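Shared chain: subunit A. Partners: subunit B in the first complex, subunit C in the second.
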Partner chain A sequence: MSKTLFEKIWDSHIVVQEDGRSLLYVDRHLVHEVTSPQAFEGLRLNGRQVRRTDLTFATMDHNVPTSDRSLPILDQTSSMQIKTLEKNCKEFGITLFDINSPNQGIVHVIGSELGITLPGTTIVCGDSHTSTHGAFGALAFGIGTSDVEHVLATQCIMMEKPKTFEIKIQGKRKNPHAVTAKDIILSIIRKIGTAGGTGTVIEYRGEAISDLTMEQRMTICNMSIEAGARAGLIAPDEKTFQYLKGRKYSPENYDECVDDWRENLKTDSGAKFDKSFTLGAENIAPQVSWGTNPAMTTDVTGNVPFPDEYGKGNPEEQKGAQKALQYMALTPGMAITDIAIDRVFIGSCTNSRLEDLMEAAKVVKGKKVSAKVRAMVVPGSQLVKKNAEQLGLDKIFKDAGFEWRESGCSMCLGMNPDILSAGERCASTSNRNFEGRQGTGGRTHLVSPVMAAAAAIHGHFVDVRELDLN
Partner chain B sequence: MEPFTKIKSIATPLDKVNVDTDQIVPKQFLKLIQKTGFGQYLFYDWRYENGAPRKDFVLNDTAYENSRILLARDNFGCGSSREHAVWALDDYGFKAIISTSFADIFYNNCFKNGILPIRVSDETLQKLFSTKSEIEIDLEDQSIIVDGVTISFTIEPHWKKILLEGLDDIAVTLLHEDAIVRYEKSHKI
Partner chain C sequence: MKGSVIKYERDNIDTDVILPGPYLKIHDYAELATHAMEGLDKDFHKRVKPGDFIVAGKNFGCGSSREHAPIALSYSGIKAVLALSFARIFYRNAVDGAFLLPIEIDEDAYKDISDSDSLEVDISKNEIQNLTKNKIYKIKPFPELIGKIIEAGGLFNYKP
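On to the complex of A and B.
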């Protein structure tokens, strides 16, 4: 019988099936400081151990400061949470990339960087952006803390089988340096909505997806959760196999593995998806979010919408748009390019990898950040930071007036000192523009790295298709 | 976990679509390392302004003080996987949430903490939003009783059992120890 890629991975990980649910084996479990302390405490209270320490990897990313790492952490609760992870990893025997490790970084950046993420595997983490790892053809889910404890204790997860959702992006982007993977995924979410993928695993397909590099594919899969999906997948190909070759934890018999992945990890022709959505790549423009969820997004050449024209006639959505515009302090009808910004954040598990920084640096090179703007770059990992510095990107950013920081989640969610003040407006390469996400009262506009870089220089949004990026 | 059987209470109407978990518990409260005491942070940025309760937010309306049921709109609990959102709802006193739809991770997290999320039709939700009467929820019967009318709801049998019996799902999974060992022996990772 023809199967989708998702069904093949799902079926090969079933340990037991009952009551319409499956107990799935978990190949890799990634752990961070925020969603794990209560899980380890649960193990202790019940006298349980971590079943597979060899398949469990931890790092600290959410609330680590991105300033000088040699200084003590001033926030006592953050410091306690970080120390708790160190203590738990030591007690239970788990590999930890701590704050001083050359491999520290955002958990969804270091997974593939270290070859922990592999095609055809199941990966979980107590973080909704675990969907990122789907870019390698892994089935990767975000889970809650109770499930983190469950996986630590059993190396399995009990789930109902999600439905399958094919999203096909056809054709080619007109200007691939200006119209990025971020613009593709924001366009998708804008069309299908923040609940468009609920209950499904998305497989992204089509020429515009195959054309993407691995790091760009991660940007796409990362935001699957912003469409409500359990996971997002892209079938692995030669780019995938090349990317993971020779990484720290890549398998020793790598070539044999590749033969197997090449043979098996694809959706069979004739396999049926539960639902499908198609979008042409040619007409995608750089995107800018204007509201308080990622579906509230429009083209950079567009205008802030009137609430009664939003939400396909749904009065609840229109009410939501009205509240969003109040929160964002935007006037319906104003041009997106007239929105002036105070802050720029280039970072997060969506857009903090080497290619993101290289593309943004092209916009910044030889220019100066607008006098009205404070801009920062937060590399996704220590390795990204090191590689970027070898290319001289740190110098380009710093010369332009950007802050060049240490790695972590930083202002994507503002659990560390990197936050917006109330009323500040930020062009951000992160994934969520929820109220208060980057700081209580802060206003977030989601954009690509090149759009964020250009906004930093000009002090407002500009259409990066008009810049020379080649 | 405490078993869930029946509850009866007035319902707190939260009239907003796409409520994300960043609103349910803002990030500044995620640094704690225990599961308890999150109720005071529930909907914090909507509930307080400069530390004082906001009169225009429903949780500050004394009419709903003892409510144990939350009425929500489409796509409730979207965004971050933070289980702190469920710990906050639970600690505040909510034992059931009724909406037209929930985000997947949040929906799972509810059951793991003994909270019953119920999906109903648009029409039923509208009816519940418009009543001031107490609502009775009977999990065994899978019914909501309001103003003398009984409305049935569906729930996955697995979750129904976990809630009714207050089961520890890790213990349930460990009953399959033999199957897990067999899987590990036959699959290279």
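On to the complex of A and C.
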């Protein structure tokens, strides 16, 4: 019988399946400081151990400061949460990449960087952006703290089988340096909506997806959750196998594994998806979000919408747009390129990898950040930071007036010292423009790294297709 | 379950407004509760009473996997959220820890139920009775696995 890639991975991990529920084996469990304390506490209260310490990896990313690491952490509750993770990992025997580790970083950046993420595996983490790892053909789910405890104790997760959703991006992007993976995924969410993928596992397919590098594919899969999907997948190919070769935790019999992955990890021709959506890559423009969810996005050449023209006549959507524009303090009809910004954030599990920084640096090189803008670059991991510094990217950014910081989630989620002040407007390469996400009263515009870099220089959004990026 | 309604006529009420990021460092559930819905409604904490229901639009609980979101609502006294639809991680988190019931209602019920209405929710009959308006609405039955976890009183009490 023909099967989709999702069905193949799902079927090969079933421990028990009956009555609409499946007990699924988990190959890799990633843990961070925010969603794990109560889970470890639960184990302790019930006298349970971590079942597979060898398959469990932890790091601290959400509330670590991104300033000088030799200084103490001033926020007492953050410091406590970080110490709690250290204590829990020590007590339960889990590998931890702590704040001083050369492998510390955002959990969804270090997974593949260290070869923990592998094709065909199941991966869970107490974090919604776990979908990122699907870029390698892994089935990766974000879970809550109760499930984290369940996986720590049993190495299994209890789920209902999701439906399958094929998203095909056909053709080629016209200007691949200016129109990025971020613009593809924002375009998709703009079309299918924030609940368009609810209850499904998306498989991204088509020429424009195959054309992407591994780091670009991670940007796509990362934001699957922003479309409501349980996970996002891309079938592994030669780029995938090349990327993971020789990483710290890549398997010793790597070539044998590759033979198996190449043979098995693809959707059979004739396999049926429950749902399908197709988009042409040629007409995708650089995207800018104007509202308070990622579907509220438009082309950089577009205008802020009039609420009564938004949402195809749906009154709820129109009301939503009105509230969003109020929060964002934007006037309907104004050009996106007329939106002036106060802050720029290049970072997060969506866009903080080496290629993201290389692309942004091309825009920044030899220029100066606008006098009205405070801009920061936060590499996704210590390894990304080191590699970027070897290429001299830190110097390019610092010379232009950017802050060059230590790795972590930083200004993506407003739970460490990197936050927006009320009313500040930010061009951000992160994944969520929810109200207050980057700090109470802060206003977020989601964009690609090149768009963010160009906005930093000009003080407002510009169409990066007009810049020389080659 | 009997209680009164706090209604938000909004789709996409995300976990960042249900429990904003800065409070994810708080481990005391009662303290978490004082910040519930703070990103959307600063008066929620003053208004909410034990047994109350939240009524909302589509895709309730979208965004982050933070279990702090259903916990904060639960410890505020919210027994169930009645919404047109739910984001899946929130949905699971709500029942895994037996924090609250995520109940799917239809458009008619959503439009009909007003803020402060008194409701009686009976999941054994898949029914909501609006005591203020003297009306009955059907609720969408829980999927099999979810129903069993709810019946058991949470994931850890559920024995397949």
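The criterion applied here is as follows: the second predicted complex is superposed on the first by the 470 of 470 C-alpha atoms of A that agree within 3 Å, B and C clash if a C-alpha of one lies under 4 Å from a C-alpha of the other, contacts with A are read in each partner's own complex, and residues count from 1 in each chain.
Simple rule for what comes next: contacts are C-beta pairs under 8 Å (C-beta built on N, C-alpha and C of every residue); 3 or more make two chains touch, one makes a residue touch a chain.
Computed from a predicted structure; not experimentally measured.
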item: Joint occupancy of subunit A by subunit B and subunit C, clash or fit; value: clash
item: Contacts of A:Ser430 with subunit B and subunit C, given as first, second, both or neither; value: neither
item: Which of subunit B and subunit C A:Thr121 touches, first, second, both or neither; value: first
item: Subunit B versus subunit C as contact partner of A:Thr154, first or second or both or neither; value: first
item: Which superposed partner A:Thr240 touches (first subunit B, second subunit C, both, neither); value: neither
item: First, second, both or neither for A:Leu55, with subunit B first and subunit C second; value: first
item: First (subunit B), second (subunit C), both or neither touched by A:Ser407; value: neither
item: Subunit B versus subunit C as contact partner of A:Asp19, first or second or both or neither; value: both
item: First (subunit B), second (subunit C), both or neither touched by A:Glu316; value: both
item: Intersection of subunit A interface sets (partners subunit B, subunit C); value: 16, 18-21, 23, 34-35, 37-38, 62-63, 75, 77-78, 80-81, 126-128, 142-147, 149-150, 158, 160, 194-195, 198-199, 225, 228, 230, 293, 316-317, 319-320, 323, 413-415, 432, 434-437, 440
item: Residue numbers on subunit C that touch subunit A, as the complex places them; value: 9-12, 14, 16-17, 20-22, 24-27, 39-40, 57-59, 62-67, 85, 87-89, 92-93, 96-97, 143-146, 148, 154-156, 158, 160
item: Complex contacts: residues of subunit A adjacent to subunit C; value: 16, 18-21, 23, 34-35, 37-38, 42, 62-63, 75, 77-78, 80-81, 126-128, 130, 142-147, 149-150, 158-160, 194-195, 198-199, 225, 228, 230, 293, 316-317, 319-320, 323, 413-415, 432, 434-437, 440
item: Footprint of subunit B on subunit A - complex, ascending; value: 12, 15-16, 18-21, 23, 25, 27, 34-35, 37-38, 41, 46, 48, 55, 62-63, 75, 77-78, 80-81, 84, 121, 126-128, 142-147, 149-150, 153-156, 158, 160, 162, 194-195, 198-199, 225-226, 228, 230, 293, 316-317, 319-320, 323, 413-415, 432, 434-437, 440
item: Contact footprint of subunit A on subunit B as seen in their complex; value: 16-18, 20, 22-23, 26-28, 30-35, 45, 73-75, 78-83, 86, 101, 103-105, 108-109, 112-113, 156-158, 168-170, 173-174, 176, 179-180, 183-184, 187, 189
